[in-house]
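Quick one: the structure is below, and I'll ask about it shortly.
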Amino acid sequence: MAYRSGVNLQEVEPQAELYVPEPARIVKVEPQTAKEKLFEVELTSGRALGHGPGQFVQVFVPGIGEAPISLCSYRPGCSSFQLCVRNVGTVTAALHGLRPGALIGLRGPLGKGFAMDEIKGHDLLIVGGGIGLVPLRGVVQAILAERDQYGRVIILAGFKSPEEILFRSELEQWEQREDIEFAITIDRPHPGWGGHVGVITTLFPELRLDAPNTRALVVGPPIMYRFVITECRLKGLADESIILSLERRMRCGVGKCGHCQINNKYCCLDGPVFKYSELKFMWEAI
Amino acid sequence: MAKPTAAVFSFTGCEGCSLAILECEKELLDVVKLVDFVEWREAMSERTEAMIDLGFIDGAISTHHDEKKIRQVRERVRMLISIGACATNAGVNALKHRYGLREVKEIVYGEAGAEFDTISARPVHAVVPVEFEIPGCPIQGEEFLRIVLDIVQGKQPRLPNYPVCVECKRKENVCVFEKGMICMGPVARAGCGADCPSYGAWCEACRGFVDNPNDEAHEEVLTKYGVTSEELLQRYDIFCAYELEERKSRQQGQR
Amino acid sequence: MADRKLSIFVEEICRVEGHGNIVLNASNGKIEELWLEITESPRFFEAMMLGRRWDEATHISCRICGICSIAHTTTSVRAIEDAFGIEPSEQTLALRKIAYYGEMIQSHVLHFYYLAAPDFLGVPSVFPLVQSHPEEVKRALRLKRLGNDLCKAIVGRHIHPCAYLPKCMPKLPDPKALEDMHRRCVAAREDLAAAVDLFATVKLPDFQREGEALASWHPDEYGMYECQAIKSTQGDLTERRDYRQKIHEYVVPHSHAKHAETEQGAYMVGALARYRCNKEQLHPAALAVADRLQLDSYLFNPYAITLAQVVETVHSVEEAIRYLEWTLGRELEWEDWGVKPRAGRGVGVDEAPRGLLIHDYTFDDDGKLTAVNCIIPTNQNLNNIERDFHALVPQIIDRPDAEIQLLLEMLVRAYDPCISCATHLLRVEIKR
Amino acid sequence: MALLVMSEDYVRALIGKLMKETRVVAPHVREGRKQWQFADVVDPGRVALEYVSTILPPKKYAFPTEDDLVHWRTEEGFSAEPVLSVEPLVLFGVHPCDIYGLESLDISLTDTYVDPNWVARRRAMRIVGIDCLPDEWCFCSSMKTCSVSSGYDLFLTPINNWSEYVAEAATGAGAAMLAVAEGREASSHDLAQMRAWQNDKLARQRDRRINTEVNDLPLHFTGFADSVVWERWSRKCYSCGTCNTTCPTCFCFDVLDKLKLSLDEGYRSRVWDGCMLEDFAVVAPHENFREERHERLRHRFYRKYAYLYTRYGRPYCSGCGRCVRQCLADIDPVKVINDLLTEARKEAAGHGL
């Protein structure tokens, strides 16, 4: 029989701390919008997290619970890191109630982030919808740290309304930069908004891309993926050049609990960052 | 944060649910460190005029007096939590709806019954808005404590949305269908630890239904075990009579 | 003070189960109105049960009362068994009794410690006692928990037991749990001794009123469970099924609870009634406690019901120990559940902690209920309480309102009325 | 390895000897019916050596229904530590399908990250396997789990109509058990009976087969996500998760926070979960990735026979039949898969293939 045989349990190394949150301190809290806050966090041990862009941590609020949150900063050498959290439920609400100095628990970094080595040397089309911009912010920071390693960098950001715009001052800086092509849109007209209006796909017709050399990094709500992927493919991007990050319910974050399974992938282990080519035959992915 | 105040108010019911709170003996001493009980007729003589943070209601609303009183209570309470099958679901009280109100009075009290105040039994949420509901007949002490903890911490409490079979199988029970009993477990909301099947009896869905019960499957299965649809409905009735009435009127409303 | 108008209205008497009011109107020392009003919403159990299958009957009727739901279940199951001609095995009876005494313990402890003791200690509820009498409170918790856990070990839980069915136990208890319960029952003797010490210091209000008392009777044991006949302090025995010949129920306008009487008029049921009827059959340990509390000198003082409960708790713990030992001494056997319904009438009579409880069912061929009558202890006591009121008030009418009110409330509480149980019961209203 | 033939009395005597040193768990009949449960042995005479299947698989000893993982405090800052209680254990009387189940969880729970609680408890476990006769729900012959060649210390095969057992040690621990056991040497006649036993097992399942080679299942599942089969079978599914709960190869869990009433300390513990339950794939806010019953049923089947098969190199189904034995709606994997295969053939015919 061709079944894989059992595991020699004497040879594996049990990870005693696998589910144990490590103490971390909230250093700073910055309100972003009505629903999002940006937390600056560091491990109390002083150890640097050592994460890559697109990875996440399991954040534990004592007594309340745990939730997966993307690491949204990428600043090698800096012992603290940032989490941008939208208040949607139990844990996120409790997080929003915390002040600088509060202690939380963290597990991670977890998951496969954006493979920066694979996208180096290419033009990048970065598309972020709403809270989807959160993991992408780390990517942009990584790119800017080594700007010369990449080709063109195009960033498209979409929000429902001006009130929901995240990382406002940073977006303004990106907009100012000569080495980034930046566009922002809001879904519906809004008093006082002079910029582009329309869903994010309405920014696509203007785009001129060198398709074979372009990698698209797309993060947003499920509905956005369907339309943005179609646009990317229309622009001639190959399926393996479209890179996405997905969200699922996660309890363990380490490929055991089964909640984040998307067809035969575990979102927490094999993702959250996937190539569209991996997902396109998965009816549960998008 | 100041210690929240709590009160228990009883309406039409057996008061088993208030007793279930008193029965958390081991924990009660810790609970009074978390919340201050300021009014609870069954257990204490004190009463209060002040606004109450947490009001637990047991019992259904089944008289005009009840109805008036619950409206007054609502005014005095920040967070209203119905506890037990009667308060959340009208409980067994709704069984009387199968007869006319006049008939039930007569059956029990004879002619003298005619002047008694009774109206259709309704859950609290049908009369005033409630913030949360803890089901069960009676409520489970553990669940009650968990929910009080959640509330004290500002956490949204949650009830399981899976059927009793889950807890029943975790306890490795022999399914009571195999003993010739009829079980509501497959459509009933869990959270009780499958108490009844674990002690060898059947589940009566005292916690109401899961969000999307598969009644059609249940009817089919029960037919397999020789139960008629009518008997099935009767079974549903014991604790879910009101829920079924509500569902029916919702469906009619949609049409 | 001759022209003092007295008007007391106690709305929703506290520390009783259910809703009731006391109404007292007196003018110039003459009582104009004095009654116990039951405002508990009527619940119509007897009607709701008609047409239901026999296997639903118990689960519905035990919802009459959450405080003594084991008693209701016991009586209901026995009515079903009576109707279907089922004789449960000795093992089943022994196991049921453990749960039954469990409830007696928990209910009595709840009453004498949580509900009555605050009166004697001069506080409004058990909560202040947590600070002032921590040891007593812990002892009360321990004893009450013992009662609960006895129920839990056998029938799953005390409020609306899960596993109490006609014919046999649907699940055998875990022998380890039984051993544990035995150990705890034995240890509880010490807590009880301390409770007895506390109640030995209590001074009861001075009041006596003679009257009939009814209780279950069993040839071989103190009548509680498995009643064979209803015994009266008048000396007569009434067959279980013939209870109607002795007890007459009627509706009174001021109350949702039916009242009851015998030919002698109002009568008393409950712990003191049982003591008066069957004292000789008590366990010697309980008799010794009765002596210590001088219960025999209070036979006609309703405030002494609380003391009788202390005595009965000792009895119940001893009985629980006896039946636990019986069960532990043998290998429990599986019995198959399978009840065959048949047409006929069945009557269950037992003692709820508050007194005589009767469930009377008639079934048709399909095992569906065609007639139901339930007689509940609190209902039976209501009449007696009102008689007590009328005897007591003239004796105390010159005292201050607050004292009158307290004495009346304490009197009602002493009967340990379970008003929700009375289904069909309480507020004190004093208008002078 | 040495073979020893033991009478039933000797087998029970061996249990008695093992009990002196270690906690021993074995199947026991439940409530006087044809249902069994792994439970602590109190009296070796009451162990059910001849049984069909326990309600819950023996994985519960390494992966309890509720298992505390983490203990945390906030008294002085925040601290957390792993929680693990392990105790040496002999699992006596495990059927081949359940051994297969335990080995499967060894694979998935050590893949990439190594689950500490599982591994510690599994290491502290000795397994005595025992062979069985399948009932009308078993389909181990289709799943090729009728016999296993590893995953046990000692294995007992009944011969001479359950009066004797051929004991075969596979490890040092197994050999040590044999060393204290009594019995006689095996003869070639005994070995022939062992083989006959295997054949008998296969023969009993002749009419209960999956109509394809199990190795081909991942392939057969490809492209049938939209098959009517899922909808058809899910119509009578309660979403009660009994199939997940009783499965020896399921390992999904939820994590609960249990807070002490003092508010400054608590546990995080895992409880069994199941992909058939309605809220299994719910994320914020109110999005359910498998909202429909048929989506959940499909996921379960794909996970067992395709996803995890490709991922971990073996099907995550041991053919023990528990899921259908306990399913009130009689949703039978054999029938569902055969139904899928039939539909596939019809479809292929429709395409003129």
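Letters A, B, C and D name the chains as they come in the text, with residue numbers starting at 1 for each one.
Going forward, contacts are C-beta pairs under 8 Å (C-beta built on N, C-alpha and C of every residue); 3 or more make two chains touch, one makes a residue touch a chain.
All values derive from a computational prediction rather than experimental measurement.
Participant: Consider the two chain pairs A-B and B-C; indicate the one with the greater count of contacting C-beta pairs.
Facilitator: B-C
Participant: Comparing chain centres built from Cα atoms against the global Cα centre, which chain wins on proximity?
Facilitator: B
Participant: For chain A versus chain C, what separation do you get between their C-alpha means, in angstrom?
Facilitator: Computed value for the inter-centroid distance: 65 Å.
Participant: How big is the gap, in whole Å, between where the Cα atoms of chain B centre and where those of chain C centre?
Facilitator: Measuring from centre to centre gives 25 Å for this pair.
Participant: Could you grab the centroid distance between chain A and chain B? Build each centroid from C-alpha atoms only and quote it in angstrom.
Facilitator: The separation of the two C-alpha centroids amounts to 43 Å.
Participant: Between chain A and chain D, what's the gap in Å when you average each chain's C-alpha atoms?
Facilitator: 38
Participant: Residue numbers in chain B touching 2 or more other chains?
Facilitator: Answer for chain B, listing residues that touch two or more other chains: 153, 179, 200.
Participant: Could you say which residues in chain C touch two or more other chains, in rising order?
Facilitator: 171
Participant: Scan chain A for residues touching two or more other chains and write them down.
Facilitator: As it turns out, chain A has residues touching two or more other chains at 63-64, 89.
Participant: Going by the touch rule stated at the top, which chains touch which?
Facilitator: Touching chain pairs, listed by label, come out as A-B, A-D, B-C, B-D, C-D.
Participant: Where on chain B does chain A make contact in their complex?
Facilitator: 153-156
Participant: Which bits of chain D are touching chain A when the two form their complex?
Facilitator: Answer in residue numbers: 69-70, 72, 74, 77-82, 84, 103, 106-116, 119-120, 122-123, 144, 150-151, 215, 225-226, 251-255, 257, 259, 263, 266, 268, 270, 273, 275, 280-285, 287, 289-290, 295, 299, 302-303, 306-308, 310-315.
Participant: In their complex, what parts of chain D are in touch with chain C?
Facilitator: Result: residues 31-32 of chain D touch chain C.
Participant: Quick check: in the complex, which residue numbers of chain D touch chain B?
Facilitator: The contact residues of chain D facing chain B are 30-31, 33, 35, 37, 54-56, 65, 235-242, 245-246, 259, 261-263, 271-272, 274, 277-279, 293, 326, 328-329.
Participant: Contact residues on chain B for chain D in the complex?
Facilitator: Those residues of chain B that touch chain D are 27, 30-31, 33-34, 145, 149, 152-153, 161-163, 165-166, 169-175, 177-179, 185-187, 200, 210-214, 216-218, 220-221.
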